[in-house]
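So that we are looking at the same thing, I have put the structure below in structure tokens.
When the chains are written out, they are named A, B, C, D, E and F in that same order, and each has its own residue count from 1.
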Amino acid sequence: MEQQPMLEWPAEGNLRVPYRVFADPEIYRAELARIFLGPTWQFLTLAGELPQPGDYLTTFLGETPVIVTRGHDGELHAMVNRCAHRGNLVCLKQRGHADNLTCVYHAWRYDLAGNLDSVAFRRGIAGKGGMPASFALEQHGLKQLRVDRFGDLVFGTLSPEAPPLGDYIGNLIGSRIHRVLHGTPKILGTTSQILHNNWKLYFENVRDTYHATLLHSFFTTFRMSRLTAEGGVDIAENGAHHASYTRNKVDRVDAATSDRLYAGMPSMHENFRLADPGFLAMREEFGDDTTTQILSLFPNFVLQQIQNSIALRVVLPKGPDKTELQWIYLGFAEDDAEMTALRLAQANLVGPAGYVSMEDGAVGNFIQRAIRGSEQDCSVLEMGGAGHVSEANRTTEASVRSFWHCYRPLMGL
Amino acid sequence: MEQQPMLEWPAEGNLRVPYRVFADPEIYRAELARIFLGPTWQFLTLAGELPQPGDYLTTFLGETPVIVTRGHDGELHAMVNRCAHRGNLVCLKQRGHADNLTCVYHAWRYDLAGNLDSVAFRRGIAGKGGMPASFALEQHGLKQLRVDRFGDLVFGTLSPEAPPLGDYIGNLIGSRIHRVLHGTPKILGTTSQILHNNWKLYFENVRDTYHATLLHSFFTTFRMSRLTAEGGVDIAENGAHHASYTRNKVDRVDAATSDRLYAGMPSMHENFRLADPGFLAMREEFGDDTTTQILSLFPNFVLQQIQNSIALRVVLPKGPDKTELQWIYLGFAEDDAEMTALRLAQANLVGPAGYVSMEDGAVGNFIQRAIRGSEQDCSVLEMGGAGHVSEANRTTEASVRSFWHCYRPLMGL
Amino acid sequence: MEQQPMLEWPAEGNLRVPYRVFADPEIYRAELARIFLGPTWQFLTLAGELPQPGDYLTTFLGETPVIVTRGHDGELHAMVNRCAHRGNLVCLKQRGHADNLTCVYHAWRYDLAGNLDSVAFRRGIAGKGGMPASFALEQHGLKQLRVDRFGDLVFGTLSPEAPPLGDYIGNLIGSRIHRVLHGTPKILGTTSQILHNNWKLYFENVRDTYHATLLHSFFTTFRMSRLTAEGGVDIAENGAHHASYTRNKVDRVDAATSDRLYAGMPSMHENFRLADPGFLAMREEFGDDTTTQILSLFPNFVLQQIQNSIALRVVLPKGPDKTELQWIYLGFAEDDAEMTALRLAQANLVGPAGYVSMEDGAVGNFIQRAIRGSEQDCSVLEMGGAGHVSEANRTTEASVRSFWHCYRPLMGL
Amino acid sequence: MSIEAVALRLELDELYADYVHCLDDDELERWPDFFTEDCFYRVTSAENYEANRPLGLIYATSRNMLKDRVSALREANIYEPQRYRHLVSSLRITGEPGDVLDLVANFLVVRTMQDGDMTVFAAGRYVDRVRREGERWKFGTRTVVLDSRQIDTLLAIPL
Amino acid sequence: MSIEAVALRLELDELYADYVHCLDDDELERWPDFFTEDCFYRVTSAENYEANRPLGLIYATSRNMLKDRVSALREANIYEPQRYRHLVSSLRITGEPGDVLDLVANFLVVRTMQDGDMTVFAAGRYVDRVRREGERWKFGTRTVVLDSRQIDTLLAIPL
Amino acid sequence: MSIEAVALRLELDELYADYVHCLDDDELERWPDFFTEDCFYRVTSAENYEANRPLGLIYATSRNMLKDRVSALREANIYEPQRYRHLVSSLRITGEPGDVLDLVANFLVVRTMQDGDMTVFAAGRYVDRVRREGERWKFGTRTVVLDSRQIDTLLAIPL
């Protein structure tokens, strides 16, 4: 079954998406195998989270649990968090420090790179029991990931086919990562959101430059990221990654025209004012005039810059209609107190309670509920034409189409 | 797979029901497609719930979300609640008032009949982006339902094959609807019950004239709807609909015989008395001597009259083993205060806490639990013989058999 | 599909277990049919729980609900708890007393052996309705189980193929049951644990003599059941059942060697002491020097003796990744007050909060989570070699292998 | 604040505590006695309550009707063994003090079935009017306003 | 124990009860007034709180920022109709008595959606500092420490 | 009602509040000190309790056994990181006032795992006997009666 297509993709190609891909358990299982355990690099952690040899934390590749360690060699290692003996979780805690990794069930011990060091009572006791002579430690290590860094971002993959990380990300998108992460990342806090929808509905949302000022009133009313401002979307060659950006101070049309274009939009509230709007002001930081940049790496990583609010987001599939969205809010070690205060105030814009992101936590679920009984129908991706390449324009679904352009061959769809 | 039978129906036909039909996910999905999105009319609302143009509410056809509106033309319209763009719920609230229907995600705007009026930034901005010239608004409306009224009851279907509503209901059952709904419906209140069982187990229960005085002590002990009283069941020609009725004041056998027949039944509690029995008394209302009438329209609508307690019930499937039972308790605009007080007091008889309906909320779940591991076995429907037509008798499962008689050809079983 | 293998078992046979058997819904459904409704005897109750004719209680064969009664004939009977009419649960309460079994839905009445005695209104009323002449009570009884006793333990099966209970258990294991249940069982209390893992992961754990002193610190630190003490595992011929035992006072190696062997094991806490260790002391009871005996009968029964703590455990599957573990803590009618006090104190060792069993409630769930995305991989069962027969040694996975040795032919795997 | 005001507050706490233990401990026969003879007891949803729809899922206009509810549960109706656990919080006096008091409180009810299955069965607020009868406060009106429009399976034991 | 000490305790109970009814009854416009003008209000997780990570999911350094939160919920943000039900328990005064008090209390919030779906949305503790302003106690600092790192769907209505 | 009666009531509220914060804040080392040296602490189900079955899931006949429970949790037993949140309600004095008091209260415990997963872990009642020791009230007997016969996964932290 894995070989023949699980559904017939419409002739329109990237202009249509069958709703079944958001609901079908068989397609979901295939995604876990072909995408999340396949030739893609996925974010594991920030390097700074594991400063000392012996530090470890746990995360996921899709639904597969993973351990990330700092080895005694000072290198980062990652392994599937499943004991080679009987499959127990080797690391039970989300983070910790250990000289080695010992499974609690039968005390098999692995080194920090996942190699099996010892098996309890391997030689038996008083000549009885123990492992057969044929048992070779080196054949029973933890399944190891390839690990690589892009700046302070640590990625992993289980696939030997995945290209080197640098090539995977590419210069176009890579430079936009460097632009934002210009200092030493310091975590201001984390949270996660449980989304009752398929993971791809959230990832489409992130890559959708068309919706922001139509769904999020703050963007519109406070002129934060209007489509009438300069901006565009960069898209990696194979469509995998994207970065959309707004140069807010540069209007493509005059303010009056912009207001006219947005007049009557439900997201436009002319008379909505804040009693304490101070936190909205952006402080010069990035050495350019880009006020908002939303960047995604296929299949599930997001880097966000909205004014001075910087966050990483990781999209973890938890079932065909359940997704965990993890947020890591960042500042930099180099920040002064005022900048830290500003980032904390601007954190009100994003996250589960964010003024410009609250809706994104719900809209995927709205779609999930709406498509029940319509799995044979399709969504329509024609805004901005049929392209899935970079544009100096955001009134387009180019980067949404590019997601499917990358997704379909991986899935054989 | 949809074409070949999903199971082999027993040779006994309507005398047997394989338990698998209450548990199998594949059969459940086929029901959503063939019955709830198929050639059946399903209750949407009372016309009076949408008095003004622009009023709307939301409900379901099976699991498919639906919007019902009162158009500017004064007509009722219904559409699938799924945006033609990317599938978002167009109406988020259960009821409201709007001049048009605007999707929150990208502000595509539909008129109250579901026709697409406008697409945000359809022409792009300053010559960039927007929809291709080939994009035609009229090809991207909301999927529209056929809507028709039977008195104040509003029904809808997605199927062009469904016969006209009047023919669908027919005169036999139609006249029994009119008999009860003799005034201008006024909603006294609503509630809903979550039943942890397949929807058909509840619908069988509603159509089961055999169980009432055996399961519900009040009916038996207080002589409310004994099988020894005059009564019967009317069944539509194709078996789809039914109406069972009791003419309580007309006994078929004398009281002593009745008591003897019920003696020893677990539902008979000779010594059970009420301290305040006033609410049980029926007030003359319907111009006939029918004290109880339970009516069902295939596949999921119920109209109940028990004494002066009137309610609509809608059976919404939520999964193979989950069902929502919605209750709409009615009075009439013409009721005097005393009648309203009586209906409210008699509401104690029905609903989730009802003296004669509480058990019906649980018995379906008892069956759902009991058939685990017995999916290949069958229930037995031989009470009253093999018929599925009208009888002047309620000691029969005729109207349960008639449900299956209508269900099987629709499902190809 | 039930005929061809649901998966290809690895060539290594019982030395490998594909993780898919712990996660696959199709395999789970097959287990319910082939194992739990198949030729196995499953524990139903203690005979003493139903002292009087008319006493009944309810339990399960797999997910199939079952009634156990004491008939007027003084014999024990068991039937599927599903009415022959429309499939309702005949007994709603977990235990009770009744002269007959009457279904609440339509009052069909069965005797305490499950034979159908009467059908309400079988002859109709005043010549109308009722059951057809062809309807024969004797063809519509409750589905009956074979019931047999082993001492005070009552077992049942739905399969005519199951051998007589005594042969099924055999002398080797049977004598170890008698050894523990030397008096008249008296229930000190019951509880149940919801395990979020496949039932077989718990059953493997029970049969795993290798893990106890490595996972449970109390065993190790307080020298309660070290592998360096005398002991072994008895395994029934077909591998179905097992009994592992420790003769704690007889060390195979001197204390120093034992300490050295356990030195550095995470479960060894040299400096861990109790302020009130009194409850750990064992009182002579069984007339031998066996301090711990864990016994299992295929597929889901456990008899435990740890010091003076005696308990029955029943493993009920509730889904591919959900299991209910029922505990019945026993004393004997012959116990003096001091022994009862000791058993209650030692109950701190076992159950959901038990010092040496707490971990067993979680480790199965750890595995269930760890194997996500690794269903094609296998666990490794090579400790103690490849055998699945009795050994005078516990540093082995022989009794785990023997479980699979019995499981695979039943499942055709 | 006077000692009387404090005492009043503690009397009311006691009333609410006694009421829920009565229900949670299955002493339903004591339940009607928490009400005045001419009481009005109603269980409804916030949706009905806010739309001024008069329906009650349980609707009693006298203490006798409460007694009938109890005897029906004991003798007539069939439902699986189950028990409630009430948590009550944030009791407030909303009206003027006196011999009749208007009160509101939040509640949560966890329902446990005989097999051990636990669910959050109900959450909402009590909107009450209590009246002093001799030594005791009694409910002249108790409106149980459920946050949810849904009832899981059935509502047997009162709230 | 003095009558004043008792009265203080009941005043604080009243403050906490009034606060949750304000939120549960959708009287959000009253909500900022429970705080001092220079208040600090923050919703965070135990994980952030114990790691001394300053982030707040909602982070307000003035009463005006609370007012803005309310007006955004009323005018700007889009979310499905929903309501909370707060249960509050085990209020304790942790610091020295005076005109400024340090308090901690446990809470549980059940969220109900318009279709009736109920979930345990939040559980955790309030870590508060209250200050007397004339007749009323007001929150100078309210830190809502959620036990869970997860938020179901979104956090619209404050806690 | 006398000021003493009021004070007693508030002392008991304080005892119950302090107890749950001790457990919810993971200060288990303080926990045994809420009990008398010869205390009896038992966690059981309503099913066992009502059938007079003496079993306890946790069964301690001395304060030392409580200390051992804590040290085992700290040093010996293995369980995933988790925290409780207790809600306590409807405390009542059921016996005669004096230096020994019989009390009952309802409780609900929400358990949160490290990944953020929250469940209603336990609901039930405390059946207690407290004794005054100097300035403090201590539990001579605490019987934790769980409504459910089921425990999800395991019971590590006491209730």
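FYI, contacts are C-beta pairs under 8 Å (C-beta built on N, C-alpha and C of every residue); 3 or more make two chains touch, one makes a residue touch a chain.
Treat the numbers as computed from the prediction; the structure is a model and nothing was measured.
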Count of contact steps on the shortest path from subunit C to subunit E: 2
Far-end chain from subunit A, centres as C-alpha averages: D
Farthest chain (mean CA position) relative to subunit F: B
Interface with more contacting C-beta pairs, comparing B-E to B-D: B-D
Centre-of-Cα separation between subunit F and subunit A, whole angstrom: 43
Rounded Å distance, subunit E centre to subunit F centre (Cα mean): 27
For subunit F, residues that touch 2 or more chains besides their own: 3, 6, 78, 80, 87, 89, 108, 115-116, 120, 149-150
Subunit A residues counted as touching two or more neighbouring chains: 92, 104, 192, 215, 359
Those chain pairs that satisfy the touch definition: A-B, A-C, A-E, A-F, B-C, B-D, B-E, C-D, C-F, D-E, D-F, E-F
Subunit F - residues contacting subunit A, complex: 78, 80-81, 114-116
Residue ranges of subunit E touching subunit D (in the complex, touch as defined): 3, 6-7, 10-11, 14, 16-18, 20-21, 24, 83, 85-89, 108, 110, 112, 115-120
Residue ranges of subunit F touching subunit C (in the complex, touch as defined): 43-45, 47-48, 53-62, 64-65, 67-69, 71-72, 75-80, 149-156
Residue ranges of subunit A touching subunit F (in the complex, touch as defined): 92-94, 104, 192
Contact footprint of subunit F on subunit E as seen in their complex: 1, 3, 6, 9, 46, 87, 89-92, 104, 106, 108, 120, 123-125, 147-150
